[in-house]
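Listed after this line are the structures, all set down as structure tokens.
Below are two complexes that have chain A in common, paired first with chain B and then with chain C.
Here is the complex of A and B:
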């Protein structure tokens, strides 16, 4: 049996040999003793006695009931929701012709595709134009226009609201130290809360449907905008601000004409993150009745219609890449000076081109209805060839996947899970305290306990252990894949660049997408969940392995070469130790991704926190949902604290 | 000289006339300011910037500071108390029209001092008065008004707004004070022509070289016709050749402008080239504030002496600085000009048989007699 608890104890014992008085070693030894003498332990130290479980969920429910019934918060939230709904109606009318105000009817798809293509051309050039325009052509031709526009209309409404909220809160946080201090822990938790935890309160206050989809998307995508705004404002060079002051700018002028424009890049990166977060969320919001691509995908996956869900998957992926590249291109786009003596038409020729294309598009759509709306019968479908290909592939790899499934379940997953569940909670808590102490002294030990004791007290210990086991297994397997891949990629500059681009692209996909291939290969079971988590968690590992290895100063490598080291020696004695702190950031992200994925994957059948969260969602139990959400967030935050702390100490030691 | 160059020179000439009807020569200005030899304070109304016992101390706890600063602590004292002293007990009076160069190594507090003069930084103790009004008493609106109407500043890394083109950068201070669009673009175009960037109005800062960016910075700082001009190491970020070119450009621009200029540099040669007076700073305090001649000839502290040790004095010291009153000694023959560096007339001095050479100012007035032996010592290095 090889749970992480055991691994730590070995580390703790190793420390004990060197420093006999280390408190970390003492605590670890104590934890080990608890494990060794488990049969003799009182039951209260193995599992928290029923009577000690703190009814956090009831408290949260009481608070929410108070907010809803006594303070009349629903009044407010419904009012906000109706505003959002009005905006959604406008986009729904324009994008896919829903019968709402302003009753203009759907804009022909060809006009939208041309407009998006034009934006790509202006911001980057032909390649981006082909990608963005092509994506929308694909969507229309494949007959997915309505679903895609349902999804997109939420993004179109949510993004500006999120950006405005993020800018406002970010400016407040930047200006007032106390507000930032308040904001930071909230943002930390918010960014580690699983998607579903956001949905439950929204369902309670707003209900289900597109408007709650939009609201949950807004809430979910605001945190990165706040962070990027604060970062951007803080990064503006002091000389630029001084030059603004010396030019006689007052506070408002300084903010609107100096600080915010000078922080343009960070703010646009924030907008990029808002868009990507929105897309990820809006796809998942299908769980609370948000129509669109996500709902379609969910239905098709549940019906195991692989070919059709593959098509939707391609659309979501294309949409993600197109939106990401487009907003990134915007953030990198620098204005160029026009040629002197150029006339108005020449200076605005892109605008004129666009007007021309839009008019042309409308005319075309008027003449040939196919270019207005692609009717059901006219849509292409690749489903049957894909199904055939997938079936052939599955038949081919079936022996392998079957064996893998059997092997993983029998020899890895079940023993590990049983082991994790067998451990007394008291021993696990002590072991965590020991790890914390070893990495960051008393403070870290206290932080570890502060995150984990509430999980024990909440009464969801076993579920949390299953979640942790899934994550540990998946991340360990991801390490086996990701690290060698990263080392291989980093050996060659061109390969490294391509690999980083690939990782970037993979990271833009909404996590939901990763379920398609694993369900295809493994069916609906534990192994599929682990496989999805592995794929998702490998990406950051590869990425940061490459970045860490590439970031080793060339002089250090040259010095090693001149010392006569072989490339193997250089890798193990020079590059790897120096890349380790960066790699740890990757590991940290990997754990975060795994946590998110494991919760999302719950709907294909797990017995962990995610499954319970799904139940809470369907019974709209806010208290339970939030307690589970916080449990997941706390696991993530504890890992985050330990890894980042270690990485920072190590970096300082290596003076990187 | 091509057409563009000529029009630029004409523009400068027009500018200078417009800015300063009564063109003052360099030596006249020193006389009108504080006489460095006698240390006589000048007429207070002439002081554009007046710093008295200015302290700027960085640190977390500032409440105990006031009592501590009263005892005039050293840099070390403050450091042990957990503070960083950037400016220590600075007394400095800058008369109208003077070009003061503040010079010191990095971390000596010179940039902090100039920021105290413009209240980009508040001071910890003492007083800074600009044109007779203590900066600390100004409300925010008054301060903004002061900056909009009287002050201009040039920054080491230019401080240009990256999202605005060159023209809009130069027009920025005018925009801040609400000048209408047409008027401010016209003024900005004039300024760009003045600094030789005509034709680049539509460029963005990142499309320009360092030297060109700093020209934009200079044009911007002059757009409101400031009476007080701060330059914070304006040429330090530039290559040596460009730096030299920009110094020449700066001297051309400065020409006869009637501006009070505070120029920060860590380059002693630059300081000697440009200054009416030089203030040398170390650890936040001013070691010596004097004319270049006197800094070189009579360094006040060993620190200043170390700075001047490597300098070719004959290029700095002018004849006037070596002249002493004739005191009944006989004045014979033709006088030499007072405001010429020894180096430039070294050949004449070497060939001159007179023991004491008369020296006269530009207006023909006799300044005094220069001991030839002393002059030769400066030119060739003293014996022994």
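Here is the complex of A and C:
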């Protein structure tokens, strides 16, 4: 996405070239006229008059007050939450020995490490066993066991609830067209709403603590599960259903025995997404009381302990990768059906092995306490070498960043920001309508306005413009980094795999940690904010460039080679155009990631929607938080609509 | 965990054996909120352990330091051990007005929050801590984003510190840039330390940063009541905020209204709790400088300072 000013000019030029008066060009010309004659415009066209600002926040607060005080919704939500809490108590007792029913005390770490290692072995083999088992050994040896188990005790409860909820809603959506129609916009908004926005209502209705952490995690992780369930059920081939019907299955049997197993792959991808999203929430959910790694991380950062927080970041990444690979292996693992004639012990060989290992683990932990709990004094730490490395790196690049900071601030960021704030809102709205029309006709123009007019009406226009300016700058700079990196990585398979692993790492590494070095390099200003957003926004660009280029059919490339194209020609004239639709998904994701990150970057210091969101959270102002959240979501949804629409047209042109 | 269970078990036995002077406390756990700075976590654990000595069950829950007052009001958590006048006074007062929470005790410690600089800054600007001297060397604090004006790095906007008003009222040649979190303040400070660059930023006491970076507060015209409302108060006759922040803000303990009935013994002890600046700084130092875990730091501090807290249990 570019600045509206630039786009206005392009659209205008395009219109002039074709010498037709397409509506898009006409609207763009209007927008341009508004910009050109700004000094003569009435104030009401430059900024929305105070009197026209709609008090959305007050309305939302009134609704919430009604729900809470008059309908007594809190009793219901708290009753539901107490159910979640009961489950959390059990996992808390088993995983880190919290004094709750069933009072069995913490399971020794060796037993858990052996169990997940075994799961890896059964599902894939030794390599996966080493990854999953090794992750838990790392956690124990680094002295992070209790925090990690506090985190997992919540995730272990939240994930099954998310999966069940997602399956239920997904089946309903698949069965009833009207429900899906209702569900889709809700899911779209839910997936682009910043986390802080729905954390505020959770504080009001549920309170703080592990249960709130679990509930926020469920809310955040359920949408992909719903989508994947609907997708999977829709893809089940009619032949399979017919064979089910022929064997006399009733409706329930047809669902549980035929449809769901046939949709297994998609459903397991959904479960995988649920796990990933849950881990992404670990740090943010600690703002409302989720215990464990996230809470510890924030506390360490508060005391500027980069090395120790980096260790926690590594743990979160390892957990994410281990659980991701484990659940992926599970989705690819075909259930094997051993000969029924074989003996019980033979059929359950792996189970017996596991029982043996668990008993061995318990005995070992009983004899040597180190294998039960690694005490604080026994834990290893890489904190000092990491601190030294970060310091050395900062010293090394500081001279360069000092100059870069001055250059970007003076010549790029301040002029751009002032320009964005200078634009009359009326011109911006018209320009967006013009872009919409150009890409998707009247319908897209109306959609663009439907997303942006409420932002103007909400009275947060200037803040929204600053958010947009940050995102545009960051995504533009991320394109400069990400696309060449992606092209370079796609040139051979090994490099591509390593690059994708790097992408996974950056995506799951808690962003709060690299905010600190970024501030140390650039100071508290827009350069630091943009830099932090770039790190995050580059990831999807690299990923989808690699995947897009690799997805180009080899026959097409061969055909081009045979007709004598040079490798440069193949890249720019054959592979890039074919990879473009995939790449556009990457760009879309990049904007989404940037929107998430720009909210987090409020912790550096911004003057945008994110800063106000932070204030809304600290004053538990539900209405304000949701209005700001919707503003951010609408920016994202508009970009999503435009890019996807453009990409669909493009795909149709290439007849892919 | 086994240890604490044992401890609370035996303590509970003690309470039952002793003549019941007070009505017995409920067996539900007393939930104590912890935030993301060390002294608060250590102090919460110290108070929690004192409750455990009385035979109560105690639980800790991490929460945001501003939203916590809403949680106390609703009884989700029982108390808050560090209510800073400057940082949380507004949220606390707002919650008190809504009802459900009250002021249980005021600690001996005084809190101060104001413009502050690390000692190396004095080399570039020898007239410090006087604010006029600071203003004279404003150019030394200039950054690309503030042009030729000096930069004052303020705390997050929601801390409501009125720094910009102060700059305006005193006619200072500074621009206020707000950091988004305390961590951002420390990151800037650590970066400035590398090449001993002059920096002036928002800071407070008691705080671990004092132990890591020695420094001083800027001396503004002293705070007088009404300086924030009445233009006549303070050196500038037509301005408000023409003064420093109060040098002795309160540090209170807040409690849920229902705590008194539910855990009368624990509540009675809580009202006696009071720490000094030096004690709080020590708690922070054990964690932030010595690298202990907050739970262990609480134990260490209690062992070393039995004379301080034992009498509160009587």
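Before moving on, here are some points about what is shown:
By our rule, the second predicted complex is superposed on the first by the 600 of 656 C-alpha atoms of A that agree within 3 Å, B and C clash if a C-alpha of one lies under 4 Å from a C-alpha of the other, contacts with A are read in each partner's own complex, and residues count from 1 in each chain.
Simple rule for what comes next: contacts are C-beta pairs under 8 Å (C-beta built on N, C-alpha and C of every residue); 3 or more make two chains touch, one makes a residue touch a chain.
The structure displayed is predicted, hence computed values, not measured ones.
Touch criterion not met for A:272: it reaches neither chain B nor chain C. Of the two partner chains, chain B is the only one touched by A:239; chain C is not.
Shared-chain residue A:247: touches chain B; no touch with chain C. In the superposition on chain A, contact is made by A:406 with chain C only, not with chain B. When the two complexes are overlaid on their common chain A, residue A:264 makes contact with chain B while staying clear of chain C.
In the overlay built on the shared chain, the residue A:582 is in contact with neither chain B nor chain C. Set against each other, chain B and chain C differ in how many residues of chain A they touch, and the higher count belongs to C. On chain A, the surface touched by chain B in one complex and the surface touched by chain C in the other have no residue in common.
Residues 115, 118, 120, 140-141, 144-145, 147-149, 151-153, 155-165, 172-173, 175-177, 199, 202-204, 206-207, 217, 220-221, 224, 230 of chain B touch chain A in their complex. For chain C in complex with chain A, the touching residues are 1-2, 4-5, 31, 33, 36-38, 41, 57, 61-68, 70-71, 74, 76-77, 91, 143-145, 153, 156-158, 177-184, 186-188, 190-191, 194, 208, 287-288, 293-294, 296.
Here chain A touches chain C in the complex through residues 96-99, 105-106, 203-204, 207-210, 286-291, 295, 298-299, 301-304, 376, 394-395, 398, 405-406, 409-410, 414, 515-517, 519-521, 523-526, 601-606, 611, 614-615, 617-620, going by the rule given at the top.
For chain A in complex with chain B, the residues that touch the partner chain are 237, 239-240, 242-250, 253, 257-258, 261-262, 264, 334-338, 340.
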